[in-house]
Amino acid sequence: MTDMRSFLGRDILSLKDFERDEFFQVFSVADELRHYAEKRRNGDLLTSKTLLTAFYQPSTRTRLATEAAMHRLGGHVLGFSDAKMTRAGDFYQESIKDTVHMLEYYGDVIAMRHFQQGAPAEAAKWASVPVINCGDGWGEHPTQVLTDLYTTWKHFGTLDGLRVLCVGDMRMRTMHSILYAMSQFDMEGLVVCPPEMSLLPEFKAELDERNVMYREVESVEKCIAEADVIYMEPVVQADYTKSRDEAHDDKGQTPAAYKVTRQLLRDKAKRTSIILHSLPRMDELPPDVDATRHARYWFEAFNGVAMRMALLSLVLGAVE
Amino acid sequence: MTDMRSFLGRDILSLKDFERDEFFQVFSVADELRHYAEKRRNGDLLTSKTLLTAFYQPSTRTRLATEAAMHRLGGHVLGFSDAKMTRAGDFYQESIKDTVHMLEYYGDVIAMRHFQQGAPAEAAKWASVPVINCGDGWGEHPTQVLTDLYTTWKHFGTLDGLRVLCVGDMRMRTMHSILYAMSQFDMEGLVVCPPEMSLLPEFKAELDERNVMYREVESVEKCIAEADVIYMEPVVQADYTKSRDEAHDDKGQTPAAYKVTRQLLRDKAKRTSIILHSLPRMDELPPDVDATRHARYWFEAFNGVAMRMALLSLVLGAVE
Amino acid sequence: MTDMRSFLGRDILSLKDFERDEFFQVFSVADELRHYAEKRRNGDLLTSKTLLTAFYQPSTRTRLATEAAMHRLGGHVLGFSDAKMTRAGDFYQESIKDTVHMLEYYGDVIAMRHFQQGAPAEAAKWASVPVINCGDGWGEHPTQVLTDLYTTWKHFGTLDGLRVLCVGDMRMRTMHSILYAMSQFDMEGLVVCPPEMSLLPEFKAELDERNVMYREVESVEKCIAEADVIYMEPVVQADYTKSRDEAHDDKGQTPAAYKVTRQLLRDKAKRTSIILHSLPRMDELPPDVDATRHARYWFEAFNGVAMRMALLSLVLGAVE
């Protein structure tokens, strides 16, 4: 047995890098710091530090949750929220190395979202400050999934022995991160998605190598009775080029196999199961589910701030 | 007589919600706090609080005045300034309820501008934190009009007995808010606008129900002699799709009936009357008016910061 | 001899306004404050002050360096980073005077980038707070060039007796600022550019009037042996309307006469010479130069924060 690695100065790039004990360490720091958010009082743990948010793709939840966390700890924040707002916008015009050898002087930690998979990892190679991956293309989304697992852990008191029904587009980064994370726990994945959105072969090979337990199932209905956690992403993507009326029509397009309805929950779900969704949603999760015992997505949103407080404090060495 | 309602935790959505004494309470807090802005020194009344600005339409003055107020009190600020920068951008893609059950965790008060009338009120229904309406479509613009009335009150020492000449597009939100507010004072409105921009019938019905005293007049010239306050909005809208030269041509398009010129002021206006304009202006208010005794729009701009300091401090419970 | 002018309340508009001693005063304050950036600890020199960034053109480096500097000193920051985000966006729709009589109430110093030459100077005419020119069209870029000269001074311990090879588009604002600055030192410029990008006649006349010593040379190769400082800008501009592949092709387009390669440096450059580049680069400066003794552009990026800390502290009166 070795001592635990320190989080000081560490990059948060992939949940492949997290070991079992490290998940619990992060959860415990989130528990320690969440009172600032609950009591709505900014503290002063990070007043002497600056967060740089480098978002090459628009984002609401992830960017604001990360910035809110920094503010809650008294810290400073600057950055950009859209590639169009920066001359460094086009990845192919300026190398990540060149970009990082500028950004690293403007803040003490870099939170990066990028449209290209691997960009935060490339940034971390060159940066003198920690880099937090806030979503990289089809890659990973570790801070979101740490939030999800933290929410799960707070509900069940454990992550072991749980079955997680993952429904949505399996090529999405959250799905990658949560399946990687399962390798560190006694968890089983139940994977439900349209055929054209299924796990890629190379990703399946990786899961096998890591002994991640999962089964592919045809529909939510066929496995919801087994699920402790129902982890959702849309299968219909919002089309922002459409007009109001056209967009409204899209809302009815999710096939029944990939929806979680109030009826289905009442008929088949475990009483103790919880639903997580990083939102925004299309029609895979109708609003009347919000009032069921299962809905945990807004608590999840709140936990997103506590989780980023924990990560920022850890990599900046303000807590251990 | 009841005691005054507390502002703690209260939403600022409409001036319909304000009672006479509450206007004066807000003015008095603005007076108490304005020295920070005058002396150009940020204080620490709100260091432990975070403002979230959710601007679904671009804005310069309102957004920056609100943020500046928060900074002046030592507070933290985050948010977005354009719907395009957020996946929650399209109102029809994500419900206000869903959006609010995220934003409420990122700040302690939400300042919202929205292209759709009623959106801030809908947000306030769901939010656990106060919502400040920073302009909602054709609806209202309470923080702007509180600023205007505060500026008027500082000049005249009272709001009673004043005649307010409102000139511009009567469908605009500032016009709605100021006419609602008049119900609480012994004020009379003189309404001047092109026929196609006149007060909507349903809005007139509301004013009648509230016993707001106002008259519709054909031109500024016909009533400026009676006016204590000249309250202006453009009737020609800036067309941002036009080129420099084309835009320049638009500047000459405001009909004389809806303009306030130096000549007109000299010939007909009361010596004590003041001009308010939330800016930017087209040619309804030529720049040579700036040097007259009547111009108060820059003082109004300064007061905009003091007013937002008052509102933020009140709803966050930092003052009473 | 007069005493030195104070920087308190002063605008930073042009390096034409700087006298020899003032350069050294600014360098010395940068030296005094740089430890905050080196130790990565925000101080509290400017906690009671607010910086307003008014960027009418997108910028990454200049905006973020300026904001980072303010945060490093504990200050507050607000503003806009794109003209499209503000109704004041179109210069021709609202006068600079009108815009400034709003912005001046939102912050204690205004950092402005503008697409139109002279806009910051026009703003400074009306503003009650100092205005810092962060680049104005084809005009000047004083904070960048102060950074460059500071970097040079830190390397050589002096600015006198140095030859500066300026290569790139001579119509660019950095080139203007650095050539103006040379009038205050015993420096000589070696100017290399494509004929269509050469110094404009009116600008040459100004340099002559100021007794700036410079020679126009045909290629980098012909004068690199004489150069102490190699000061670079691209001659091929990034075309952000192009696709990835098309953009990639542009990268090979810089003629050899305006490139600085590793080979050329090894064969001809002074051992002690340094290369400055404000970045981003096209292919005029290949990445393999980064590992030579000459590269100073990342140190220059770091110094950019220290320089803005100095300027903000000086004009706000926090240091002398």
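As written, the chain order gives the labels A, B and C, with residue 1 at the start of each chain.
Here, a contact is a pair of C-beta atoms (placed from the backbone, for glycine too) under 8 Å apart; a residue touches a chain by one contact, two chains touch by 3 or more.
Computed from a predicted structure; not experimentally measured.
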For chain B placed onto chain C, the superposition rotation in degrees, Cα atoms, nearest 5: 120
Interface sides of chain A and chain C: same vs different residues, half threshold: different
Separation of mean Cα positions, chain C and chain A [Å, integer]: 39
Where chain C touches two or more other chains, by residue: none
Interface residues, chain C side, partner chain A - complex: 37, 40-43, 58-61, 64-65, 67-68, 71-72, 74, 77, 81-82, 238, 240, 244, 247-248, 279-281, 287, 298, 301-302, 304-305
Interfacial residue positions of chain C with respect to chain B in the complex: 47-50, 52, 76, 78-80, 84-90, 92-95, 97-99, 101-103, 105-108, 129
